[in-house]
Structure formats: structure tokens, C-alpha cells
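Chain naming follows the written order as A, B, C, D, E, F, G and H, and within any one chain the residues start at number 1.
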């Protein structure tokens, strides 16, 4: 009998601390599978964010560096400019990347920093108990938008891929979703491409993954997947925003 | 025939595998609790499994190994 | 020793870093230290190193964190407001036990303040402007030649103790030109860094660089280890200069630029037949308590001179602990203490003591 | 009177709200009270505990190093807190989750399969109420009236209809 | 006094700010103080105020700067790493003489550290974690009721002295629930703010809010004025509590949460027939030196208790200046001192003193 | 005789400290003229940046607040949320706005903060003696790109208007130039519109002004104007990027 | 006829007004220096001035007042 | 020997480079030297000064409160620094810019219309060289050979062709 699916080597065999049904676990596995399949675990350095995945340095088998909240792209820059032949990825939540870390992601992208950013957009601050993120949808209720986000007071949610796509540094930007099998597979394809392009030194790559936070959404895991499909994707269209292979 | 193995202590009974199984053969084991306090998922009629791997693809906790 | 060169303090810091094997510099422009970046921008590409102008001081210190995590000798520099922005990052680097060198060429504060020399960031450097219990070895050179030697030293100390070392200068030191002579070869001691995140090569367990320890007992243990290490540093790494202290009536205590003015004061006093000594801390942390024990037997009083409202003053008082009177003369805002004003204080002190 | 109570288990088991109810009821009873939650980084599944002091005298430290009563809902917490209980104190634990039983002989221990019982009622949030029932029954740390008032005051309006059922669950716990 | 409420420390801070007339809050989430923001988010819209979650701590403190410049009572809150990020902004607000309240609910450091209670940011608060010579009035409440009263006080003090006031609590205080009773009316004293930038209405000279003074003598003068003001504050605003100090063998010195544990220690000691006193600083700056003068005659020794490696300890030593022995017991990493361990120290001290 | 051109009231009658021929002086006068013409000087609060114009609080006659480097949009937010009926503008250089202040400008724009941003893009850090800015052109020599900016090491220059235009908060974004009379007049029109829309509470408005820095460019003032025309505009196309009046 | 007045102490001799004057009547006064050390700009043949205001529009230092 | 020299004027007048040349020449002469520039926030037009010490002994403070020679190129600097000059010292000033003449009688003052002379040569950067010439002539703080070497060492290669002209300008200053 052949193995159809099992824990990838790049993911260490310890329990994950995430809430039941949280898609952080899925994206972890996908990243690990790509490291396995491209055979790059040994040359990879991952940067952990501050957010629910703050300690994924325990989960990945490659070398890992934990970064200050929002600063993973700067830390990644420091690592990559020190070890230009390594593979460097950041793993960042939407609070981490789209709020406090805005300057760092914009400038890493603008510089065309040769790193891969795995961007987990669950439209909320998971770790600190469900505050509004820059990505929170209009009328979504959070602990800091208890009456629902409204455009007048809070502005409209930021679409990071679209914004970064105006820069010339990025080699590849795609938005994917983790809400069902088909999309999970597409997510993995996108990740694979991003890491491959990095190895080819093509520049900055980013994969945004629409994710869930069942706990702070107040929904069960399956309902959460449905929310992604029905509410999140309509605002955050899936697709490729930059592809250096298409343009060149 | 396919074989699906659950690492039951790791299961958090999130229900995602249950929701994607095309054969609807995964269930939470209401009779037992793992140390974390969850009723772990398990397959009832293994013979119906087609080894599609959907359950493992969506499981956030690497609970499931699928062989075919 | 090489030939005599007339160089700017800031440029000497940069050159010294290169000589110490630093090939990674991340910074953001700010007066009065910008020449460090300019020099690095010119030289790094020539030696195959990395000069990067970050998007901000916050980004710069986090790039430093990354390069240090990757096992490289790395430096950043800034001036007061920029150093304030780096406080979180400095605390993180200490927390993750990363060796790095941070240069602060101080200007007058608070706020945007002014750009003239000051020493108002002493507390920030030696007490810890960031959160948590930590210490930075803090070096206070007082001449361009010393900027060179201390910068090399800073890298060695950072690696030796796996921590952040701060060079605390001020606008006067950074901007002035003086003659410097470089050694033919630097006394570099860079230990192996098996803990660095360089890729496992599938040959070892993965390395993790982190500053988070959610279990309080683990974090306490980590902190206890640091405190023990700090005690070792306090014992081993104190550096200071004693000048003219034998038989001095009053001992001036001053560091950095102000120590140079103190020398003028000593000359002026000599002309009046007053004998003053100078105790010059070179390490601000560890504070050179040993120096005080040396001079305590003969010292009648201490006069602390700073370009601040009195910050090192507290460390002097903690050291002297009431055994001798401690006086203070400080200037702020970019004003530089004058020989005349200091002499006036000296006269008053001596008057007081003569009663 | 002076009660020091620790409630411990996984996040999501209602560890914190159970403690808060007790403190609130204590206040209604006219006592001095404090409630201190542990706060882990994890929203679900991490260990959680809360420390409650109910006393006739002003509460010095809300953080306690020993307790008169312990409610415990998972194995790690049993391992950690069993030794906290003062001699003569009581331990109430969820026997559907706890496999490592208490070993002390100078305290009284009660096992109640609370999670299983709650799971059978299809309302997992009741599990801690069973256990609280036992504590209240054995120590009288708070009055039943105050506990009921606490439920009404602490729960959001939309959950007030559950209060009678919760009081019945409490009674089952007391009687177990 | 109103009815008794069981409330969380963090929520009480928020409620107190509202009662003090604060209608502008800018913050960024961080454990263990997030409930302040949650409370503000719920209540501000109801009272016509502004709650805003900024994009970062840096943005938050600069929004505070803007609202204060516009003459509003304004607050921000955070915890250790977030407070480090605010250091530049705090220094600016002081430099521009803007009244504002900053809350730090401390957690363990350095770096990302842990989220359990600690007091490792004492130096940062009282010595100035930002650049330049400045001081923040720093209040250290020790109960939920005091969190309420001190928060109201903080706004009054900020306006009185046109400066930044810091409330320094820790995770235990912020997270615990205790009974609080609100006054029916708050003792609010908010002076007119003719200096504020509210638009000239073409009726007056333009106002400018700035912290830059490039002329060193101007900036020095500005700083001298601050230092004079600080001396007034040191004289007028010291706050402290003395408990059980008469005839005490050893005086415990502790603030905030740790002072509560100290009370347990005093009880435990009493049972053994040992009389301990508590000197509890309520203002950390100005440090309550007056309190020490009160107890000095009868005090035989001081035992400083902190959740740090010994930071307030330095201020105690500066105050006692060798006149009495000063001992220290500290825990770090989120560990909370235990009665047992402290009693062990007490025994040792008393043993020592009995020789 | 009628006055054709004179110092506007909103600009105080004191000498400016800028270098000879520096266009900061032109943009100051334009802002002041608009305040005069809209009659809003008395209700306006301006935010000064850190950059060569750090002390323009001395130059403008309205109330002024000096902000920390890059944080003017946050300070402006604090002011505007306190005084919603006032007129608030920031005046920011390209180092200030496009480097250290990236997060603040992006989020002020995303929130649709009802302020006007006057963005002075002179492709360099003027005040600190000519370092590379995020806006520095490829191959431009600066004190921190002594061999010329190159895309590989430094990335391509960021086009702020284009990037912010992807957000939904902005009501009006235009890029203008100050290199000749015709363009100066267009710049003033853009400023006038921006301030007018702010008064109408339409949201975030930004006018980017292509400017010169003769001193750090190493060119005389007239050559500098020519550089704007021949080298800067080709990379930074002039025009309107967002206009709420066109869209609605 | 138009009139152009220069506040000569403010002039920095940047040359911008000179470059835009359609009538090419503005010149730096090489004979005199203001206190800042600049040869200030001035108009030589005022009668040729058309009062277009270009000079004032481009002058960064508000040196010029134009009347017509 | 011990010379303390202040050179002051507007930024852009070559105040800093003139000072640097003197210090460099002093070093070539084998002296101890220091050079301290003022650094204003303004790139052009702000006031600027540089302080130079040339001595046989190690330089204590590079910041000086008085000077033996003063070169001054604008009115504000004259107002500020005239009193710095020690009795018996000298002041050399640019008489084409300075309208407020020195009033001290215990020092020797020389006015040279340096900017006008330089402007006539169409090379404004020469203005300070005229003034340096006078200082060197009166004080002998540096030797002419060293000054020439300083010019070659300090100026970028592409300006080396100007050195002979600069030396001629210097000579004119000395002779003025």
C-alpha cells in the first residue's frame, strides 16, 4: 500500500497548539510539504511572526527565527542578505503583516527582496482575542469593532495583494484560499511556485491564504470554511496578481 | 482497498474531515474522549473508503494518514 | 601602526567595523551620525559586504536581528530619536541572545530636540530603555582613536557574551576630525556560532532563535542566567581611565566628549595651583566601580560632569554611597560645559571643604 | 470564613467563567473577593486556571500559593495543583477526563464525570457547573441564592433562559 | 460612592478614563491589557468619544500626540514591547509639552518574553526609556479600586504639569477582578489650554506645538525649566503608603501587585512574632523619598521586593544612601514572589542583624 | 494698479531657510494661497514633518503641529478625530512619507481619514544631506547610493500615488509638478480641490508634488527644474489617480 | 504698465525668475550683494514688463510682488 | 605653538572645508590637530563654523571657548564670535559681506573683500582662501608646503588642476 497522505518531514511530529479547525495547521502542512518536495528543508530559514503562529519555530524542521510583531520581512531581509543562497520565508498573520508591519512588507516587496511571504489572512487578530484587523470585513463584529466594522470610522479593508502588485519588486503574488480541498490544492501549487521562483532568485514572492479563525469568528470550523467561501472571497478575489513568468 | 489511520490523541474533533469525506464515513467517536477532552474522529466503514485523501488534506492537525 | 590619517569620528567608526570583520550594516539616516552610513555605502560593495538603508530605524534593528541570527557580525547606528525607535528591537535581540553592535551618536532631546551634542541617553543605554531586565555593555570612547579601538572591541564583546553592545558617543565625537592610526591587524576573536540559523543542511537538529518563553519558570531561569552573566561582566569588563588622580583635591568624573573638556579644566586648575583628577568611565555599563575604590582613599569629593541633567550622576552616587560628597555640573540642549563654569564649581567645592 | 479556590483545566472548558461566578456570588454574599485568571496565549486548548479568594477580610494577594479547594478538569492541572491543596481541603475533578487520580490522603477528593454528563445533555458548558456544585455543597463558600443571582448578572440576557437549567445542573453536582 | 461592582482591572482603567473626561483613546492590542481597548471600543461610541485601533503602537502614540495637541484629554495603553515602541513618541510628547496618559500593564521580558506579570519596565518608566532628559510622573496602583482612582488622578496631573503621566501596572492587576466603587462625581481639574492647536479662528496668533529647538541655549533653557518643574513635582507630588511600619524590624518596600503579597508576608510574620512594615511607593517618580525619612529613625533594614532583577532597588539605595542595609528579593519571567521565599529572606536578615 | 502676485496672508512674512531655488518655497506659497482663497486659514491645523521643512510651523499662519519623522498622518488623525470640523493637512517629504512613514500613510489613506496630504517628492532625503529615498530614481547617485541606485540591491522606486490608489479610502489623489509655470498652476488647482473635498468631508486627499533639491542633486535650480521635466516625470507620470467626483 | 518689486534681502539669486521671464528682463545684480551674500535679482527695463506674474509664481522665496 | 582658530559664516561659503584644510596642513606639519565643524540642519544658507586646534601638545577639547584667530564671513558670525578672540589675536573678515565692523581694539582686524574678489574670478569657492591666506601670513599656524599638500590630499583628483590657482589666491590673501 502506498501512502497517499501523511505528515511531511519538514513538519515536526508534535501536537499543534491551534484551536480545533484552525487553518493555521493546514498552511503549516502545505509549507512543509513544499519544503519536502522541493528538497529545500536543509537550506531554508523560516521567520515566525507574532500572532497565533508565534511558535511555529517549534513545528517546522528547518532553522527558524522568531521576529518581533510585524517585522518578519525586515528580519528575513537581514537573514537573506547574510545568506543569499538560502531559502527564506516569513509566515505572517494579517495583523502582523497588514497593520503594524505595513512598512516592512511594502519595502521588502519594493526592494524585490528574494524571499517568500506566506500571508495568513483570517480577517482578525487571532492571538490577542479577536480584534479588528486591517483586513476585517465591513460589518464584521470583533472585540474592537463591537458594532461591526464600518467604513466611515474604520475605513475599508485593505487588499494587500492588490496594493503590493503596484510595486515593481514582486516576482509573484497570488491569493488562494484554504476553505476546501480544491482550493487547498491550488494553495499548494501557489506555494510551490513561490518557493521555486525564490530559488531561481526572481525576487519577492507572496502567497496570501484566506484562512479561518473559528474561535474569534464565533463559528464552528465547518461554518468558518463556508464563511470564507461566501463572505471573504467575494471581497478578496482569488487569483494571480503578479507573475514574472507571465510578463517576461 | 484504502486505509485511513487516525492519531487519535492529536484529534480536536474539529469536524473538517467529516465535512469533506465524499463517502461520509468519518464520525466523531461519542463514546470516548482523548486526553485533551475531545471525541476523536474515526472511520466507521473502512471498506467504503476510496483513499481520496481529502480528510488528510484538510485536517489541520496532521491526525490522518491515508494509504492505498 | 599604520600612517596617521585625519578622519572624522563617524567615518572611523565605520572603518573600524569593517576592520573588525563586520560585513553587514543596516541603518537609517539621522544627524549627527550619517557619515557612518555614507562611509559604509561606499565601502561595503568594495569588500563584498552589505550596506542597506532600511525604511526606518525599526526595520534597521530588525534587519540587524536577522543578520545576527544568521551568524554575521552586524552593526547599526543612529542618533537619539532613532535609538528610541530601536528599543523594542534591542530588547528582542538581547532576548534572543544575538550579538550585535548599536552605535548611538547622541544629540540633544527630548523629542526632535536639537542636533548638537548631548549625553541625555545615558539612562536609556545603561538602565535599559527597552522593556525587561537586561543590560547592554556600553562603551564610551572619548577620542577618534578610541572610537576606532572601542568599535573593534565592541564586536569582540558582543560575540563573547552573545549580546548587544552599545557605543555611546555624541555629536562632537562623531563630527570632529582627529588623527587616527589603524593597526595592521585587528585582535579579532569571533567564536563559532553553532546556534545560528544558517540552514540545517539536513545534518543537525533545527536551530531556533527566539526570545519567547511562555513558561514563567523557564523565562525566569533564562533571566537568572543573564543576571549571573551580568555579574561576571561587571567583574571582568570594567574599563576606565584615571588621570592625575593621585593627591587630587577633587576628582572629576566625566565620559566621552566631556572628559576632554575635563582635561582642559585640569590644566586650568593646575595654573591656579589646584590639583584635580579625572576618573573617566570607558565602560558605562558595567559601571567602573573598581575605579572608585582605587581613588576613594585619597578622594575628598567627586564632581560629576555631564551633558545631561545628571544621569551618570546616579551611578556615581550608587557607587560612592554617601562616603564622599558628590557634586554635579551639567549642561543640556547641546550646550557644552565650559572650563570657566566648571572651575567656578570647583572653587565652591573647595571653599566648602576648606571650612 | 476564608476560601481560596483554584479551578484548572483546558481553555474552553469554562475555567475562567466558573471562577468568576464564584467570586461574584461571594460579593453578593457581602464578602471580600478577588478573582485572578491565568491568561495563556492560546484561545482554546491551552491550560487555564483561575484563582478565587472569598473572605471576611480584605484580600491581600489574589495570587495564591495554596488553596482550600481545587476544581480540576485535566491531567496536567491535576499534576500541577494537587499539592496546592491544604490539608483538610477538597479536590473535585472531572473523572471523564482525568486518568491520573489524586494520591493525597489528607484531602477529600470527588470525581464526577462532568464532561461526559454534559456531553450527554448536549451542552458542554455545563461540565464545570457540576463540579462547582460539589465545591459549594462541601464548603458553603457561596450561597445558592447568590450563585443564582450571579448567573443572572454575569450571563448575557440572551442566556438567562438557561439559568434554571444551570441551577438544576448545580444541584446534580451537589448531590453526586 | 456608588454600588459595589466586580470588575477587571483593565476595564476599570478604561471606565476611570471615561469618568475623568477622556474621550479619545488610541491603542493597539497586546496581552495582558487588551480589555482596556475592548471596553473603550464598546463605550466610546456611546458617549460620543473616539476609540481608535491604530495600525501600530507607534501610530497610536502619535495619534495621542495629535489629540493632545488639539487640547483633548487622551490616553493610550499597551504592555511592555508595545511601550518600548512608544518611546520616541513619549519623548516627543514631553518635548512638545503635551498632557497625555500612557498605561503600561507590564509583562515579562526581555523581547517577546512571556505574558505573565512582571515589573521589569520600572527603569524604562522612571529613568526615561526614550532619549533626552525627561521624567514621567509614574503611578503604581495596587488594587482595582486604586486603578480607578489613580487613572482619574493621572489625567489631572497630566494637565496640571502639561506632561505625560504613566500608569505602571502589571498583568496581575490588569487581569484580576475585584470590587470597585465609583464616586458619583470625579474631582476633575482641567485647566484651559490656550496653547492648543485648534485653529486660530483668525482671532489670535497661530499656535505651534513643537519639540524642536535648534538653538542649544533655547533648548537648554527649555530643559532647565523642565528640571525646575521636576523639582517642584518631587516636592509636591510624592505619594506612598506606610503600613505597620511603627516598630517594625524590617521594612518591606514594594509597589503594585507585589505590595499585596507583601501584606501576606506581614501577616505570616506576625504569626511568628516578627513585626514587618510596608513602605509602598504609589508614585514611582517622583520617588517617595519623604516616606523613607518618616521610617528611617526606627527602620533597621529595608527589604525591597520586585518582580524584576532589582530596579526600584536602585532608587531605594539612592534614597537610603548607605544609612541602613538594603536587601533585595526579586522574581522574574512572570514568576510571582512567594510568602515562603520572602520569609526566608526576612529570617536571614533578622539573623544577620541579631549577631 | 492691481496686485497680480504677492505673499499670501497664510504665509508669514519671514525669510525661508531653504536653499536657493528649492521648490519647498513654491509649495509653501501654493498651500498658503489655497488657505487664503478658500478662507480656511483660521480653521486649519497643519502638521509639519521631519525633513527640510521641519519648521514650516514658523512659516504658515495657521495653527501648526510638528510631528515625529514619518508620523504626520497619525498626528493628523489624532487632531482630526479631535476636531472633526477643522481642516487638517500634513506636509511631508518623500523620506518622511514613503520610507519611515509608510505604515502611517497607508493606513490614513485606507481609513479614508479626512485630511489633505501635501507630499513633496524630491527623490531624495534633503535635510540629512542627500541619502537615497524610496523615490530615488534608478542610477541616481546619492550619499547612500554612491554608485547609483540599482534595482537589484535597492529595488525600484515606489510610486506612492499608484500604490495608495488601490485602497478605497482616498477621495482624491493627484500627482503634479512644480517645474514650470503651467505645472505650478496645475499644482495649485489640485491643492485647491483637495482642500475643498476635505471640507466637504469626502475623505483622504493627497497631492504629490514633484519637487527639486538643487543642493543634493548637485544641479543649479534651473537645471533642477529641467531634471524634473526630463527625468523625474517620465518615471512619475502626472495625473489624477483617484477622484471621487469622477467616479460617483 | 506693470510693476515688479523685489524684496532684495530675501533674494537668494536662484535664477528661477530669470529663467521664466518671457521678456528676459530679470537679471542678477552683479554689482551688489545682500546680507546673505547673494547678488539679488532685479528688473532692468521695467517698461518691457507685461505683468504676467511668472517671476512671482516661480519664486520660492516670495521675493517678488507684481502689480498691473 | 598653540593655535585655536574659528572660521565662521554661512553654509555654502566653504567654512568647513577651509577649516579642514588648516587642520590637515597642521597634521602634515607634524602637529597635534583637531577640527570640529558646526553642523546645522540646513544644507545651504544657515550659519556654519569650524573650530581648529593646531598645537604641539595633545588636544584636550576640540570645542573651544576662545580663539587666537577668527575668520568671519557674515554679520551674525561677527556678532557672535568677535568676543571669542583672545587679546592680541587677529580677526580676518570678508569686507564685501560684513557691514558691522569689529570694534575691539585689543586685536588686529583685517578686512578683505573676498567674496567680491572671488565673484570677479567667477569662482566663489575661492573666497575663503583669500581669508585663510591672511591668517597663515599673520600666525604661521601652518606652512605653505603643508597647505599645498593638504589641497592635493583633500581635494578630489578632478580638482587638482585648481591647486596652483588656489595657491595663487592664497598668496593674494597673504599679501592683501
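Assume a contact is a pair of C-beta atoms (placed from the backbone, for glycine too) under 8 Å apart; a residue touches a chain by one contact, two chains touch by 3 or more.
Values in this document were obtained by computation on a predicted structure and should not be read as measured data.
If you take subunit B and subunit G together, no chain is in touch with both.
Traced through touching neighbours, the fewest hops from subunit E to subunit H number 2. Summed over C-beta pairs in contact, the chain pair with the top total is C-E.
Note on chain placement: the centre of subunit D and the centre of subunit E lie 34 Å apart, centres being C-alpha means. Annotation: 60 Å between the Cα-based centres of subunit E and subunit G.
Measuring from the averaged C-alpha position of subunit C to that of subunit G gives a distance of 53 Å.
Multi-chain contact residues, meaning those touching two or more other chains, occur in subunit D at positions 40-41, 45. In subunit B, the positions touching at least two other chains are 12. Shared interface positions of subunit A, defined as residues touching 2 or more other chains, are 18-20, 54, 66, 68, 99-100, 102-103, 106-107, 127, 129, 134, 154. Taken in their complex, subunit C has these residues touching subunit F: 28-31, 34, 37-38, 41-42, 45, 51, 53, 55-57, 81, 111-112. For subunit H in complex with subunit G, the residues that touch the partner chain are 10, 13, 45, 73-75, 96-97, 99, 115-116, 119.
Across the interface of their complex, subunit B is touched by residues 1-7, 11, 15-16, 18-26, 29, 180-181, 184-185, 214, 220-222, 225 of subunit A. Only residues 58, 80-81, 83-85, 87-88, 91-96, 106, 108-116, 118, 120-121, 123-124, 127-134, 210-224, 227, 308-309, 311, 314, 317-318, 321-323, 331-335 of subunit C touch subunit E when the two sit together in their complex. The part of subunit A that touches subunit E in the complex is made up of residues 50, 54, 66, 68-70, 95, 99-100, 102, 125, 127-129, 131-132, 134, 143-147, 154.
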